[in-house]
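Across the two complexes that follow, chain A remains constant while its partner is chain B and subsequently chain C.
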Partner chain A sequence: MACYLTTGKHFGFYWSFVTVLVLLAVTAPTALLFGFGGASAARSQFLPIRWFGTIYISIVRGVPDIAFFLFFVIALDQGFEFLRHQYLCPDWTDRIWQGNDFVVCSAAKLPLGNAPQWVHEVYGFFLAVLTFAIVFGAFAANVLHGAMQAVPRGQIETAEAYGMTRRQAFWHVLVPQMWIYALPGLSNLWMLLIKATPLLFLLGVEDIVYWARELGGTKQARFSDYPHGDWRLWYFLALLVFYLAFTRLSEVVLSRITRRLSHGQATIGATA
Partner chain B sequence: MKRIILTIAALALGAGLAHAGSHSVIRMGTEGAYPPWNFLNDAGEVDGFERELGDELCQRAELTCEWVTNDWDSIIPNLVSGNYDTIIAGMSITAERDQVIDFTQNYSQPDPSAYLAMSEDVDVEGAVLAAQTNTIQAAFIAEKGWTLVEFATPEETIAAVRNGEADAVLADQSYLTPIEAEDADLVFLARTELIGGGVGMGIRESDTELKEKFNMAIQSMKDDGSLNALIEKWEIGEPF
Partner chain C sequence: MSCWQTVQDYGLRAIGIGERLLPREGFDLCQQFTLIGSGLIWNVYFGLLALLAGFFIANAVALCKASSNPWIRKPAEWFVLVFRGSPLFIQFFLAYFIFLRIKQAGYMPWLTSAQAGALVVLVLNTAAYSGEIFFGALRTVPRGEVEAADAYGFTGWKRFVSIVWPTTMRLAWPAYTNEAIFLFHATTLVFFSGFPTWRQQGDALYYANYFADKTFNPFIPYPIVAFYFILLTLALIGTFGLVNRRLNRHLPQERRTRLKFRPNIIR
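Coming up: the complex of A and B.
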């Protein structure tokens, strides 16, 4: 049993937990940043920026996640390579799109074709973070936008009456107070983000669900030293425990944050 | 330094050969879930018939190769967008796929597709049949107008038969044989289907030079009998 659980494959499985946790740790702040940018853009005074913010929020929220992860990422990758190609290989005469093929000069490939496998994996991970950040950023933007609207108008008016500029009122009055309104929505998003991590495999990153399926699948004695039947149920059960424990932990932490944020604020959170 | 060497190499090869110079490492894309063709061994590395075949081909063509696994569903889109350079994943040569990518010559004989079921007297025409998505078997069942349930991985098609969701699974005989041998509940139906034109490596249509290299390597393995030895070792079907 101990031998079985320490095969190279199982280390791949354990390592993928780290991958998922790191992904969450990196993506959540990035998505929040995207969301904050989107929300601020959507309430900008300047019309084109406002359009940009609104369009970003509504388009990304409307596209199904799976479509985003299947097509957008390939497009994003090709976009990067296209730009690098234009910059690095200006003398290239062949067409870039030859029928179905996307061909850029070898110097423009991302990562370079002869880079070791780990570089490819890190790049894939980076694309994953960026895609998750864009998708969840749009939802976060909507939540934050709503939260900004929810801060009582009187607060801003008071700030302006004290002679604060728009910018000062935004940073010193609006932003500190909006979090409590945003938190329920953001905590929802966090839970969704945890559960969306299996989409990673669509991007070529081997996540926990991929490994659970691979390890749990029937193994014949010809191809493995540890033949077994269909054990996927047990592996998925372990994942269930992991996800439940993780979401429970998140709930506890989030409720603490809610309590802290509601100190001194006339909101529902404080009276409850 | 590396860039300088590459530049010199590219210059030496001349503009026409710049494509070849670009392939310093050939990335071999496979599924890694289809024994005995390709699967992950206990150490988590790609193993199987195509692993041995691919390593030998790369050696003969004097290429440095690296193995990558990719989901079957998106294996062709990722090839054409350049994330790896070949597909070596038990992929049958079909006219439909040939429109999108190119194939090398076949390195296995057309393998009959077999039905695996819980009982011998399943009538395939009225039964619920499982097959993996985007395979020749799925296309075959759909074309016949029989009842088809598709699954993303080969493993799930077998599980569907075991738990009664499907009456039989249609897949390459070489994939089903080791499963049938180790599971007393599963039996082959007498009927088999001859579909597909053998398995070849998928390569981008623009990559004609790489295709030629692999074609020559496959031919040399056919000529000296080493391909047949591998086919026999992994029980892939009829030798050439």
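Coming up: the complex of A and C.
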């Protein structure tokens, strides 16, 4: 059994857990940044920017996130290749969309056709992170926008009375205070993000779902030293337990952070 | 081929009526709108049935969770924990392999089809999420209302049905609307998980994915899916808004809670 669990393929499986954790670690701040940008855009005084922010926030609400995942991976890939094509091959005369094909010059291919395997994997992972960040950025923008509205109006008025400009009031008064209002929503978002990570499988990254299917499938004695029947049930059970433990741990940690942050704030959490 | 012809051929393709082969050329707007729209039948099927069955189970779960008997409370708590703590995607896979085992043992072979098996998973999943919502609402029923019911001599079942339960529903309704919207979005996962697609009869996203694969152009099929789902979301909010109006009809105008188009992302 110990031998079985330490085959090379199993190390691929264990490594994919790291992939998931790295994805979470990279995506969470990026999505927060996107969300912050979106929420500030929605408050902007300049009308087109405000429209952009509002549309960004609201469109993700009505549409299943999986549709976005499938869409952005192709769209981003084509977008990058299109830009590189414009830049690298200016004297290319053919159309890029030829009927049902998407053709760019070979120098503009991403990753380059002769690139090693790991570049392909890293690029795929990068696209996945960007996709997650865009979708969850919209969710975060929704939360942060609500949090900015929730900061008492009097605080901003006081700041203005002290002669702060709009920008100063935003950075020195609004932003430090909004986090406590945003925290319940953001904790929820973190849970959603954890539960969205198996969708990496759909984006073509070799993640834990991929390996669980691969390793659990029936192995013939001819191809493997460790023949076994259909064990996918047990592999997915292990994944379920992993996610349960992970969400439970996050819940505990987040409730601690909430308690810490509500220190000295005029909300119900602080007085209780 | 006229557009009407396409609609006749592919309008009900998702449930096996009409042309057998999926379109292989052309891929014009009409084809895409028709086929993706026909896939939407499955989304509505999963969503509506899961919502209906899940509603009753959720009520039972909420009541069990509020029970003082640990033998009733603990299983409900575990049920909610497992289904809310793990990704739906993994639940689909796991359920499929469990159903496969049951099938191999010779019982209920129909469970391995997406139309039945995925529905079971969705029902249990939404039951856990809405059970938690109802449980939360049950805890916040105003004490005064229950005391008033006691004063009028309501007891037991009668008190629950005519006083506590309607108030629970009224309090839970905005969050429950949100859950319903998320449930409809979750139906798109069915044909991307372990469950096999039988004769290419998939849901809206399945067909959109088909077109995107064939044309290398994601900018047409996915916005069509988005368009259909925004319509579906608006219809849901409309329907739930009517129920909300009825639940709130006894309250003075300004205390009524209204449903907004921008619900929380809490699920």
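Keep this in mind: the second predicted complex is superposed on the first by the 272 of 272 C-alpha atoms of A that agree within 3 Å, B and C clash if a C-alpha of one lies under 4 Å from a C-alpha of the other, contacts with A are read in each partner's own complex, and residues count from 1 in each chain.
As a convention for this text, contacts are C-beta pairs under 8 Å (C-beta built on N, C-alpha and C of every residue); 3 or more make two chains touch, one makes a residue touch a chain.
This is a predicted model, so every value here is computed, not measured.
**Q** After the alignment on chain A, I want to confirm one thing: do chain B and chain C clash, or do they fit together?
**A** Aligned through their shared chain, the two binders clash on chain A.
**Q** With both complexes superposed on chain A, which partner does A:228 reach: first (chain B), second (chain C), both or neither?
**A** neither
**Q** A:143 in the overlay: touching chain B, chain C, both, or neither? Say first, second, both or neither.
**A** Second partner only.
**Q** Just to be sure I read the superposition right, which of the two partners does A:237 touch: chain B = first, chain C = second, or both, or neither?
**A** The answer is second: A:237 touches chain C but not chain B.
**Q** Applying the touch criterion given at the start, work out whether A:43 contacts chain B, chain C, both or neither, answering first, second, both or neither.
**A** Neither partner.
**Q** Please work out whether A:74 is in contact with chain B alone, chain C alone, both, or neither, and reply first, second, both or neither.
**A** both
**Q** Can A:196 be said to touch chain B (first), chain C (second), both, or neither?
**A** A:196: touches chain C, not chain B.
**Q** Determine, under the contact definition given at the top, whether A:84 touches first (chain B), second (chain C), both, or neither.
**A** A:84: touches no partner chain.
**Q** Could you point to the stretch of chain C, among 96-104, 132-140 or 258-266, that collides with chain B in the superposition?
**A** With chain A aligned, chain C clashes with chain B through residues 96-104.
**Q** Do any residues of chain A touch both chain B and chain C, and if so, which are they?
**A** After superposing on chain A, chain A residues 70, 74, 78, 100-102, 201-202, 213, 230, 232 contact both chain B and chain C.
**Q** Quick check: in the complex, which residue numbers of chain A touch chain B?
**A** 7-9, 11-12, 70, 74, 77-78, 81, 98-107, 109, 113-114, 117, 120, 201-202, 204, 206, 213-214, 217-218, 220-227, 230, 232
**Q** Under the stated contact criterion, what part of chain B meets chain A in this complex?
**A** 3, 6, 18, 21-25, 27, 32-33, 35-36, 39-45, 47-48, 64, 66, 68-71, 74, 77-78, 80-83, 85, 100-101, 153, 155, 158-159, 162, 178-179, 181-182, 204-207
**Q** Which positions of chain C touch chain A when the two form their complex?
**A** Of all residues in chain C, those touching chain A are 27, 81-82, 85-91, 93-94, 97-98, 100-101, 184-186, 188-189, 192, 205, 208-209, 212, 214-219, 222, 225-226, 229-230, 233-234, 261-267.
**Q** For the complex, give me every residue of chain A touching chain C.
**A** Touch residues, chain A against chain C: 57-59, 61-68, 70-71, 74-75, 78, 97, 100-102, 139, 142-143, 185, 188-189, 192, 194-199, 201-202, 209, 212-213, 230, 232-233, 236-237, 239-240, 243-244, 247-248.
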